[in-house]
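Shared chain: chain A. Partners: chain B in the first complex, chain C in the second.
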Partner chain A sequence: MPARPDAGRLVTPAMIGLWLVLASVPLWIGKVGLYPYIGVEILIWSIYALAFNLVLGTAGLPSFGHGAYFGVGAYAFGLAQFHLAYNLWICLGVALMTAGLAGLIVGLFISHRRGIYFAFLTIAFGQIFWTIAIKAYGITGGEDGLLRIARPPADLGIVAFDLRDNVALYYFVLALFVVVVVALWRLVHSPYGRVLSAIRQSETRAAHLGYPVWLYKLSVFVLSSALSGLAGGLFAMAQLSAFPDVMSLNQSGLIVMMTLIGGGLVSFWGPVVGVVVFLAARDLIGAVTNAWMLYFGLLFMALVLFRPEGIAGMVKSVLERRALRAQGGAALRLLFRSG
Partner chain B sequence: MALIEAEGVHVRFGDRVVLEQIDLSVPEGELHGIMGPNGAGKTTFFNVLTGRVRPSRGRVRLDGEDVARLSPHAIAKKGVARSFQIMTLFDEFTARENVMVALPSFRARGFDARRAVANDATFAREADEVLASVGLIEKRAVTAKQLPYGERRALEIAVALAQRPRVLCLDEPTSGLGSDGTQRLAELIGRLKGNVTIVAVEHDMSFLFSLSDRISVIQWGQVVARGTPRELQENEWVKRSNLGRFA
Partner chain C sequence: MGQPVLDLLPHIVNGLVLGLLFALIALGFMLIVGLMEQINLAHGSLFALGAYLALQLIGPKPPLPDDLAALWLQLPLGWRYALALLIAPCIAGLVGIAVEVCMRRTYGKDPLYGLLLTFGAALVIEEGIRLIWGTRDYVLPVPQALSGGFIFQDLIWSTYRFYAAGIAAAAIGLVWLLIEKTRYGAMIKAGAHDSEIVRALGINLSRLRLGVFVLGTMLAAFAGIILAPIWGIRPHMGVDAVVPAFLIIVLGGVGSFWGAVMAGILVGLAVGLSGAYASEWSLLSMYVLLVAVVTVRARGLFGKKSLLEA
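Coming up: the complex of A and B.
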């Protein structure tokens, strides 16, 4: 996609609007029959989906084992809390850096590959991490996972916030979501982001323009893994536990589904839209039938077949058509007036 | 001294020898044409010059430095730009963005994630200068995929020029162009001649003979004839082959 008119801004009106809506969620979510914890989940998965879309949507790298880095972050958060320090910032930092390190190790093996080979290697490495999580019982708790992970207070030096309450945790995660959105928005519209987008369109051309393609692929993979780890750490904090299930192929597939349904390939906000639709479907359709995933799967198939640009892409094309119609109308009015 | 020099370049894909022995020397500022029948190995030789294919043996020197085993991005950084026979543009980018990412100043800031591209007018100004030089300034805001074929060809050359190359490798630049497009391209390359060293593979013989300082004929993976266009027109091998019909 060509650069947007608001690409130069650090904070856009759309961001402010979204943040205001999100800030108001705890005030009305109970009144519509939902609960504050789903808001926490939406924000955590949105951070994860935005991080994942950096790899898939921006750089065009088909990573299908990304759950591994989310899971590494979750375990690292718990283990840091048990063995290093009961400090929120240290635990989140360890989650971020451990997942980034895992991404670096995997990235070194896969950054010279492309297409199907890249995709299969990400799945294979994802399965390795998942197997380690299950088998390294002494460290990870095996299939039982890490239990009794606590929510350390957010200590800002002069004031500390207790995050044991879901609403407090919601606002803490919202603050991190704001930071991640601003940072990623700037990144995708920076020279680095444009080079990643160029690599998605043609690795060959980018290489012949003098860009070390493998290094860009490696760097974005590490960055995306680290942010996924941050989301994983928040997830462990929210769930008060870490399980190997989040690293499974099935869970890795979910983030792909969310990102594609939302329209991550054509829109910055697509992954967030996908997360909201997925979690809302889980809770709303899931309240009616246990087979909610069947209906969501059908929706996914329909979108891939008929509107591969996803929900955000559909909205975008409707808005573009409307703008074109308005332009046409203005031109006709001008014609009749001058006639 | 030659700016770009190939010496005994041999390329083998499995059992198949594609280039037997290519020796070529292009002085700075020359426009060197390469012609030959389909399958002669012209594009493979281009791929060797630009790092896409590593020769099984032989050397490629750029300004005296052996670059035969460098990667495409390392060779591009040393000032070798290329166009492709099958056009390879960033289709979702506008013409301006295509040129912008090719600028050395942009490449130098490739890992910069802190500043927005839109806030730096220098990139846009530099890109527009290049677009103006190939007659595409009016199309700067049009995405590459929406441009007609001839303009896409011109954009390919603009992208290569934006790299401020010392050597410009053009792989069949008139491919798919009508007579008007070919004429415009010939005028553009004529303007570039002398300012940049150009190596051009081309099937359009009249185009190649009218623009080249010297031409090499590749057949069976080796250079079978070489000389100025006038010398080649008198060459017995060229006369006997179909290649001489259009020269």
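Coming up: the complex of A and C.
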């Protein structure tokens, strides 16, 4: 991503605009025939997709088994609640740390690998975690899932918010979303983030410049899986349960799809756009036909063929063209006035 | 109880048979990766499609006009099976043509795009299968001579598995001959290295690539038919096939034919042996095997430098 004028800011106008729109969602979502829960889902998947795009879009690492960390976070949230403490912060912290630890173990194996070998190792580890989730019946509840997960209140010391209502949960997830967006924006535009995009452009060149490429790959993988785990913890909280299917290869493929449809390769906001489009399409096309995956798959194929930079890329190129035209107009005016 | 080695023997034989079948599953995938440096994630869906098409052809309601259907059903099962084994891959090959024509736009770009395109195609084909045949399980009927089992050394062996392993070995041999011993193999391999020179020599590379891709999809469908009586026919069988296929290529090393065949046999042995002792976890063994090998050898067993690791 080229340097942008607002790259150095902590909070950009686009962020504030998006947050305001998101904050108003519970007021009107009922009126357009949807329900607050889909808002919660969109926010959680957005956190997940932003975390995933740190690996795919920023560092250019093809990770196709990311569902594993989302799932590990979901199970860790539930298990922490049952066996450790009924406290929201502890549970979410455990979800984050456990998924980060899983990411660290996997990262140590894959950080020296490239291309197809990297990609397939992420799939293999994803399948390993998925199989464990299904077979370790005593811990995870197997294919029945981990049920009866509760939503502990968000205790801030002075006040405690009850999150059992979906609207309350929505605002809680929104608050976390705000934190994650600010943190990731800083990270992507920090010197660390610049090295990551250098690695995306050419691993060999970055290595020759003296950067310890494997360490960057490892650390970004750990960060991304920890944040995916946080999203997974929130998902367990929203669903009141944790199931192995979020860890399956198909679901891991879906997050790749969402990120790319939105345009994660060219834009910070791409993953969020992709999640909104995907979940909205699922609910809207899914309401009309059972075979919505068929149409979505065709749409995806068309996008890969004709607009590989995704929706955000499309918007970007339209804006750039308009800017160019404006510039061209100004130049012409200058020419005629002087001539 | 006899000696431990003798106890192990049936598991090793089963593992070897399974290994040949795994190699067969990976064969079409391998052909496309090896000669075109493209990853065909629709491999699994085409594998499933082949099995469903064969089922439709052999089963009680073939897609033919009534009088022709009656004539077709009078044929003995063996004939129908043998013909389905030829016809179903051809129909799947038509789907392969469509995918390859779409995929042309991605040649020369990041291989990620080809992979994503075929992922989309996989979703479409799998959903199409669900639409046409539903989500229930089917069993593919096989001729009497192939079904059943025989007793050898006080153990019951399944006839069909040995027949399937024989077919797998034959298919592997034929594909090897095609790649290594014919002009076509040489032309396509040269095309993967330097397409400009190959075109300048007057070779129609587009047509050759189409041929390779279609052959790869036909092999996928063929493997699907051979494996169907063992695994059963259900929509999920595609994913169950594409993951081991991909794994075998990575384990064997991209660009190595015998590496992949050996990887297939190793995977079969790993799954077979672990299945004997911890059947719940046997599917995990292939992933553990892969992680162990790739940790030590960065390009799998016999991998060469390839575009796919840039």
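Keep this in mind: the second predicted complex is superposed on the first by the 339 of 339 C-alpha atoms of A that agree within 3 Å, B and C clash if a C-alpha of one lies under 4 Å from a C-alpha of the other, contacts with A are read in each partner's own complex, and residues count from 1 in each chain.
We adopt the following convention: a residue touches a chain if its C-beta (ideal position, glycine included) is under 8 Å from a C-beta of that chain, and two chains touch if they have at least 3 such contacts.
Quick caveat, the model's predicted, so the values are computed rather than measured.
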Does chain B (first) or chain C (second) touch A:Ser190, or do both, or does neither? first
Using the superposition on chain A described above, determine whether A:Arg164 touches chain B (first), chain C (second), both, or neither. neither
Per the contact definition in the header, classify A:Arg333: touching chain B only (first), chain C only (second), both, or neither. neither
Return first, second, both or neither, reflecting whether A:Ser219 touches chain B, chain C, both chains, or no partner chain. first
I'd like to know which partner A:Arg321 touches here: chain B for first, chain C for second, both or neither. neither
After the superposition on A, what does A:Asn250 contact: first (chain B), second (chain C), both or neither? second
Could you tell me if A:Leu209 is touching chain B, chain C, both of them or neither one (first, second, both, neither)? first
Once bound in the complex, which stretches of chain A touch chain B? 1-3, 7-10, 186-187, 189-195, 197-198, 201-202, 204-213, 216, 219
Touch list for chain C against partner chain A, complex: 39, 102, 105-106, 109, 111-113, 116-117, 119-124, 126-128, 130-131, 239, 243, 246-247, 250, 254, 280-281, 283-284, 287-288, 290-291, 294-295, 298-300, 303, 306, 308-310
In their shared complex, chain A is touched by residues of chain B numbered 50, 52, 71-73, 76-77, 81-82, 84, 88-94, 97, 100-102, 104, 106-107, 109-119, 141, 143, 159, 163
Which residues of chain A touch chain C once you look at their complex with the stated criterion? 62, 109, 112-118, 120-121, 123-125, 127-128, 131-132, 135, 249-250, 253, 256-257, 260, 291, 293-294, 296-298, 300-301, 304-305, 308
